[in-house]
Amino acid sequence: MRIPILTFMISAMALAQTPLPVADAGRLESMHGKTVMLFTPHPDDDTFCCAGTLYKLAQNGNRIHIVIYTNDDKGSYDPDMTSERLARIRMHEEEEACRVIGIAKDSILLLQYHDGMLEYANPRDLVEQVTGLIRKVRPDVVLSVDPGTDYVRWHKTDHRMAANNTMDAIRAAEWRLYFPNQGLHDGLEPWRVPEEYYYYAGKDANYFVNIDDVVEIKLKAASAHVSQFSPAIEKYRADWDPAALEKLKAELRQIGKRDGHYVEAFRRATGFNEE
Amino acid sequence: MRIPILTFMISAMALAQTPLPVADAGRLESMHGKTVMLFTPHPDDDTFCCAGTLYKLAQNGNRIHIVIYTNDDKGSYDPDMTSERLARIRMHEEEEACRVIGIAKDSILLLQYHDGMLEYANPRDLVEQVTGLIRKVRPDVVLSVDPGTDYVRWHKTDHRMAANNTMDAIRAAEWRLYFPNQGLHDGLEPWRVPEEYYYYAGKDANYFVNIDDVVEIKLKAASAHVSQFSPAIEKYRADWDPAALEKLKAELRQIGKRDGHYVEAFRRATGFNEE
Amino acid sequence: MRIPILTFMISAMALAQTPLPVADAGRLESMHGKTVMLFTPHPDDDTFCCAGTLYKLAQNGNRIHIVIYTNDDKGSYDPDMTSERLARIRMHEEEEACRVIGIAKDSILLLQYHDGMLEYANPRDLVEQVTGLIRKVRPDVVLSVDPGTDYVRWHKTDHRMAANNTMDAIRAAEWRLYFPNQGLHDGLEPWRVPEEYYYYAGKDANYFVNIDDVVEIKLKAASAHVSQFSPAIEKYRADWDPAALEKLKAELRQIGKRDGHYVEAFRRATGFNEE
Amino acid sequence: MRIPILTFMISAMALAQTPLPVADAGRLESMHGKTVMLFTPHPDDDTFCCAGTLYKLAQNGNRIHIVIYTNDDKGSYDPDMTSERLARIRMHEEEEACRVIGIAKDSILLLQYHDGMLEYANPRDLVEQVTGLIRKVRPDVVLSVDPGTDYVRWHKTDHRMAANNTMDAIRAAEWRLYFPNQGLHDGLEPWRVPEEYYYYAGKDANYFVNIDDVVEIKLKAASAHVSQFSPAIEKYRADWDPAALEKLKAELRQIGKRDGHYVEAFRRATGFNEE
Amino acid sequence: MRIPILTFMISAMALAQTPLPVADAGRLESMHGKTVMLFTPHPDDDTFCCAGTLYKLAQNGNRIHIVIYTNDDKGSYDPDMTSERLARIRMHEEEEACRVIGIAKDSILLLQYHDGMLEYANPRDLVEQVTGLIRKVRPDVVLSVDPGTDYVRWHKTDHRMAANNTMDAIRAAEWRLYFPNQGLHDGLEPWRVPEEYYYYAGKDANYFVNIDDVVEIKLKAASAHVSQFSPAIEKYRADWDPAALEKLKAELRQIGKRDGHYVEAFRRATGFNEE
Amino acid sequence: MRIPILTFMISAMALAQTPLPVADAGRLESMHGKTVMLFTPHPDDDTFCCAGTLYKLAQNGNRIHIVIYTNDDKGSYDPDMTSERLARIRMHEEEEACRVIGIAKDSILLLQYHDGMLEYANPRDLVEQVTGLIRKVRPDVVLSVDPGTDYVRWHKTDHRMAANNTMDAIRAAEWRLYFPNQGLHDGLEPWRVPEEYYYYAGKDANYFVNIDDVVEIKLKAASAHVSQFSPAIEKYRADWDPAALEKLKAELRQIGKRDGHYVEAFRRATGFNEE
C-alpha cells in the first residue's frame, strides 16, 4: 500500500514535543546482543517506520527477525502487472532494504497472506501461528504496529489486524495453557515478551529514537522499495531514474526535518501492553 | 434505529468552533455537474446528517447515488409490526425524503442487509460488492459514515461495519489487482475516489457546510421518516399529527441553532482517507 | 488475566478531577429494591472495578445478577495446572468474592467461553444469547465493560468482545423484531435498559462512586482471587501467606489513595448508550 | 417442509422384504420404563416416521423426550402468512400430535433454528449443544434421522445436518474430554447411548416395527399437522374440512398397506453407529 | 477441470440398460416454447453432459438460460498461464460451444466464483443468490448436476457444492418466506420448478435422451473447449491441430458408442427432487 | 476413536470375493524405491487398515511419509486422563507401531488438529496446507481414507473431512494456479499424484493386498495402541496384561480369517480419483 507513505513518514519521523533525553544504556538503540522481533503488515512498513532504529540494532550485534504478514501483491497501477509478479518484486525490494540496514535475507519470514486480505484470515489460527513464532524466537524486544486509538481509522484491514494479532499473540505466548499443542508436539515453551515498541503510534508515541546520524541510510533503504513510488508504480521498472530518486529523497528529508532532529517514534510498553 | 437521532442531530448540526470560511468554487456545496455517491447504514442516516448538503448538490446539477446498506427492519415498538412491513415503510420514507431534496427514486440502491445484521455479513464479500459499485459509478466525491476514533463506541454493528467497509472498498476500487474478476467478466475499470466527506465525525470534523438557507427543507426531509419518531414508532400511522410534527421541528431547530448558524459537519479526506 | 490488574486498579479507583457531588436519592449507590445486571469478561474484572459499588447495592436490597463471559482458564504459570482445574479454581474464587460483597452463588451465571477465545465465538449467536438474558432478567441498571475509544487498545479479545456484545444486546433487547423466536417460543418480552454504568472507561469516565467507607471490604473481595496474584499464580496454593496478602493490600491501598478518596469510576449512559 | 411427505410415508411404512420376526422382550416396541430421546429436524418428521412406535413406547410407560431442531417457519403458500405465525402454528400442531400419541407438552424441546437454516448454524456449537442435552437426559434409546448414504440427496440442509449432528453428539457425549466445560460448570457426566434407531433409512432399514394395531392413531397424529396439507397449506385454516381429511387418511392408508402390514422402518445401531 | 472428461463422457453417453422408449410429446427433448435453466459448476460440464439435449431444446424454440458457478481459472499446465487469462479463455470457449448449439452469448450468466473455491463460498448467501435467479427466470425445467449418492466421492468441492446449492435453491424458491427481501425490494415472486433433470447421475440415471442424430454437433461443441485438452492444456494455443482434433473426436465417438445409440443420461425428478 | 475398531478390522481385513490375482511387479506391495505418502485421520487408522502393506513397502526400500490429521486426544474413559496427556500417549503409541513396521519417527508428521474437531477447521486453509505437503514430498503413491459413498455415514467429522481434504489437495497439487504463493515464496512445484489407494473403502474396495505372511507383525503393531483397548482405555496403563493382549490378538485373528487369507482392502484410483 503506497498512498499513505508520506503521511506516515510525517508521523514516523515526527519530532518529539519535548527535547529528547540523552541516549543511555537502558535505551532501545543502545541494546547489544539481544533478540529483536519485528512484525510488519507489508514488506515496507518496517522500513518506513523503523529502518534507522533497525540499522542501529543491527550494528550493535542484536539478532533481528522480520515477520511480514502480507505479500503486498495488489498496489500497482501498471496494467500489465500480475499479483504473482508484484509479490515477487515486493519481496525482493524488502530483501534489498534489509540488506542496506544489515539484516540478512534468511532473517525474513513471510506469512504469505495476500495484500488487503489479512482481515479475512481465521483470527484464531492467526493468533496461534504468531504465538508459535514468538515462542520459537523468544525475543527480548518486539517491534510492531500499534493497535491504538489514533489509528483505528487507518488500521482497518491489514494494519489493524496485524496490530491486534501481534498484541494478542504476545499475550498468549506467555501462558502455557494457550495452544498447549505447541508445547506438547513441538516442544515450544511459553515466553513472556518483556518489552514492546509500537510504531504508527500517532499522538500516543512516548519514545523517540534520534536517527540524525543514519537518516541517509534510512533513505537508501526506503528507496529500495522502487515499486511503491512513481514512476515504477505506474509502469514497473526495476531501477530508479536518478532525478526521480533525488526528488523523493529531498521530499522525505523535508518531511522529517522538524526542530532540528530526525526521529522514529514509538509507543513503548512492557509486559502485555502495559506502561 | 431511532434512539440516537437527537444526539446525532446535535453533532450533525454542530456549529464550527471557528468562523466558517466563505464558500468558494472549490467547496463541496459549490460543485457542479459531478457524480456524488453517498453510503448510509440505514435509510435515514443520510437525511439526518446530509440532507442540506445533498439538496444543494442536487440543485447544482450533480448526479447523486444513494447506497443504503440495511433495510432498517427492526426499530419499531408497534406490537403488530412485522419486519417485512417495516422494511417497506422505511424504504418509502427514504424515497419521500429523497424526493424532498431532489433525488429521484431510481438513484437509490438498497443492499438489503437486515437492520443490526451488517456486522455478520461476510466482510470480504461485502467489500467486493461495494468495490464493484464504486467502479461502476466512478464518483468524484463519496459521502460516508466516518470510521473514526470518536465513534468506535457508537459504530458497533451497522454503523461501524458500513464505515469501515466503504473505506476499504474505496481503497480496493483503486487497484486493478483487487477483485480482478470485476474487470475480467464485468468490464469494470479501477477507480480512484478523489475526495471523501465523512459524516458522524464527532470531534474529528474538519469541514462544515452552512445550511442556514435550506434548514427548513432539511426538516421537511427529516420529517418524512415518520416511523422513526413518536407517535408512529409506538403505533404505526403513515402521517403526522400536525402538532407532533411542529413540536419535532421546533426541537430540531433548537438543537441545531448554535452561534447563529446551522451546519452539517464532515471530516474531509482525499485519496484513501488522507488529509 | 492477571497482568493488568494494577494498571486497572489505578483507573478503577482514579480520583475524580472535580470534587465529588454529594450522593443523593438519584444516584446509583443510593438505589433500593432494583434489579442490577453486571457483565464481566472474566471472573475478577467485576471485583476489581465494581466491588465497592456492588457491596453498597447489595446492602441496599437490590437484586444483583452477575454474568461472566469466560471461565478464565488460561492465566497461570504453574507448570502442573490444567485448564479444567484453573477454571474450577477461578469460579470458586469468584463465588467467594461475591460472598464477601453479599451476592449469593446462584446469582452468578457463567457463559463458559474459554479465556481469550470470546473473540472467536459466533458474534451473532453471542448477541442473541445475551439479548435473551436481558429480556429475562429485565434489569433497571446494567453494569458492563466500556466499548469506548480509550480502551480499544486493551479491549482486544475478551474485553472488547464483551464490551461490544453487551452493548449490542442492550440495543437488540429493546426491539421485539430482534430475535423474535425469543418471544415466540420462550415468552420473553422486549426490555429497554434505562441506565448503564460502564467500567474500564478510562478518561471517558463521568461518574464516580465514593467507596471510602467500604474499601477494606473491596480489598477482602479482591484478595479472594488468590490465584491471580503471586505466589499462587506461579505455583497454585488455595490460601494466602499472610505477609504476601498484607503486602498486596498495602499496594492496592496506595494506588487507590489519591486526593483523599477512593472511588470506582464509570461512564454513565442512558437508553442505548446515550448520555 | 411438506412436499416429500407422501414420498416419506412410503418408505416410513415400507413393508419388510422378509417376514417380520415376532416381537419379543428385547424389541424396541416392547421396552418398559426406559428413557427414549427422539431428534427430529422439523416438528412433523417424528410424527410421520415414528408416531406408531412412539405411541407404543408411551403406552409402555417409557419416558419420551422430543428434541426439534427447527421451527418449520417457511413452508406455507398462504400469501398472508408470516414466519412468526407459521412457527407458532407448527409448534401447536406438534403439541397436538404428541398429545394424541401420549406425550406431554413439556417433554418437547424446540432448539429454535429456522426452517432451512440449520445447515448454516455453527456446526461445532450445535454438536456441543446436543451433546449437553444427551448428557442431561441420559437416554437408553435414541431415535433420529439417518445420516446414511441413501438419503444424502435428500438430507441436504436441515435433514442432513440434523442427522449428522445427532450422530456426532452421540459420539461426543460418551467421552468426558469432549466439551469438558459441561462437566466442570454444569455437573454433566458423560453418557454412552446404548442403542439407536434411525428413521428415513431407505434401503438401509434393518428393523421394522409392526403398527397394524395403532395405524389409526398414527393417522390421527399425522392429521394434527393441518398446515402441512391442502387446503391449509394454501390458505391457512386451523381445522380440517371433513372430506379433505378423510381423503388424506384414505391416501395414507393406501400407501402404507403393503403385504398386509403397516410398519415403521428403522436402521438399528448400537454404541456409536455400529451394528 | 479437465481430468474426468473421458470418465464423464462414458456415463453421460451411457447406453440405457433397457431399450429406450419412443420419444413422445411429454418428453424433455420434445418440449416447445418453454423456459429452460441449466446450472453448471464450470464452463464445460454443460457441454460434455447436455450439449445434444440443449441443441434439441434450442431447435425447438425453448428459451435457455445457462448459469455457470465458477470461472474455471485453474486447470492449465501451461507455465505461462495466469488465472485471469485462463478465465477469459474458458469463458470464450463456453460462448463458442453455446454458439454451436444455438444459445446466444447473453443467455450465459457467470457467477464468477473461482475454480475449486465454490466449497468455501458462504453457503447461505449462495443459496439466496441462486434462489433469486430462479425466481427471476421462472423456469419450466431445470437441468443441474446431481446431488446424488453415487457422486459424493466426485462431487467434493465445486461439483458437490453446485449440486446441493441448486437443489436447495429450487426448494427455497418455492416458498415466499425464504428470503422475503427478494419479494419486498426486488419484486420477485416465489416460483415452483415443476421438473428437473440431473446430469452426472451415475447409476441413478432414469432418463435417457437419444442423441444419435446430433452427436456430431455435440462433438463440435465439445471441441470448442480447446484449452481443456492436449495440446492446449500443456501450452495454450487457441486453435486445434487438425490431427489432434480428429483423434479426440474418434476417441469420444468410441466411448459413447454402446448398444448402437448415443445418449445423454439424467435423473429426472419433479417438484423438489421427488420422482 | 476406539469404538469402531473391530468393525473396521472386519472390512479392512475382508476377504476378496474373488480369488486374489498373483502379485506381480506392477502391484503396490511389489514396489521398490518409491515415495509413499499416507494420510490418516487419527494415529491408529493407518495401523489398523494398512500396517501389513506398509511393512511390505518399508521392507522393499520405499520412503514412507505418515501424515496424521488429529492428535486423538479425546477417546479415553479414564477419569484422571487429560487431553494433553492422552495426545502424548497416542503419539508415542503411533511411533511404536511405526517402529514395528519399519518406519522411523521422523517420517511422521502430526498436523495437530484436535480429535473430533477437524470438521471445524477452516476447509480452505486445510486444503492449502496439505497441498503444500504433497508438493513438497512429491509422492509416487498416496494412501488415504476413502471419501466414498459407503462411508458417508461413518465419515462425518474427522474421517470424512480427512478423506475429502486429502482428495481435494491431490487435485489442487497438480495445478500451478492453485495456491500460487507456494511456488512464489516456497519454491514448491506442482505435483501430479499418479496413483492412490483408499482404505475404509467398504464395498467399493477393488484392490486387495494379501498379508498372510505378515499378519503377526500387523497384530504387533496394532497392539502398540495400548490405550485404544481395554483395560487401558478405562484406566490408563502403559503396558499390556499378557492375557488381555493374547485375547485381543485371538479376536483379531478370528475376524480377519476368511476364505483362508488375510487381506488389506483398498479402492485403487489413478490421477485425481479416476479408475
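Read from first to last, the chains carry the letters A, B, C, D, E and F; within each, the first residue is number 1.
In this section, a residue touches a chain if its C-beta (ideal position, glycine included) is under 8 Å from a C-beta of that chain, and two chains touch if they have at least 3 such contacts.
Since we're looking at a predicted model, the values are computed, not measured.
S.K.: If you check the contacts of chain C and chain E, which chains show up for both?
M.R.: Output, common partners of chain C and chain E: A, B, D, F.
S.K.: Spell out the chains that contact chain B while also contacting chain C.
M.R.: Looking at chain C and chain B together, the chains touching each of them are A, D.
S.K.: Find the chain most remote from chain D, comparing centres computed as mean CA coordinates.
M.R.: Comparing chain centres, A lies farthest from chain D.
S.K.: Report which interface contains more C-beta contacts, comparing C-F against D-F.
M.R.: More C-beta contacts join the chains of D-F.
S.K.: For the homomeric pair chain A and chain C, should the interface be classed as same or different, according to whether the shared residue numbers exceed half of all numbers used?
M.R.: Looking at both copies, the contact residues mostly diverge.
S.K.: Could you state the distance in Å from the CA-based centre of chain A to that of chain E?
M.R.: 50
S.K.: List the centre-to-centre spacing of chain B and chain E in whole Å, with centres computed as mean CA coordinates.
M.R.: Here chain B and chain E have centroids separated by 44 Å.
S.K.: Compute the distance, rounded to whole Å, between the mean C-alpha positions of chain B and chain F.
M.R.: 58
S.K.: Residues of chain D that touch two or more other chains: which are they?
M.R.: Those would be 82, 84, 149, 152, 180.
S.K.: Identify every two-chain combination in which the chains touch.
M.R.: Touching chain pairs, listed by label, are A-B, A-C, A-E, A-F, B-C, B-D, B-E, C-D, C-F, D-E, D-F, E-F.
S.K.: For the complex, which residues does chain C have touching chain A?
M.R.: 1, 3-4, 7, 73-77, 79, 81-83, 86, 115-117, 119-120, 149-150, 152-154, 156-157
S.K.: Inside the complex, what are the residues of chain C that reach chain F?
M.R.: That would be residues 82, 84 of chain C.
S.K.: In their shared complex, at which residues does chain A touch chain C?
M.R.: My answer: residues 123-124, 146-149, 152, 164, 167-168, 171-172, 175-178, 180, 190, 271-275.
S.K.: Touching residues of chain C toward chain D in the complex: what are they?
M.R.: 71, 84, 87-88, 91, 110, 112, 114, 122, 125, 180-181, 184-185
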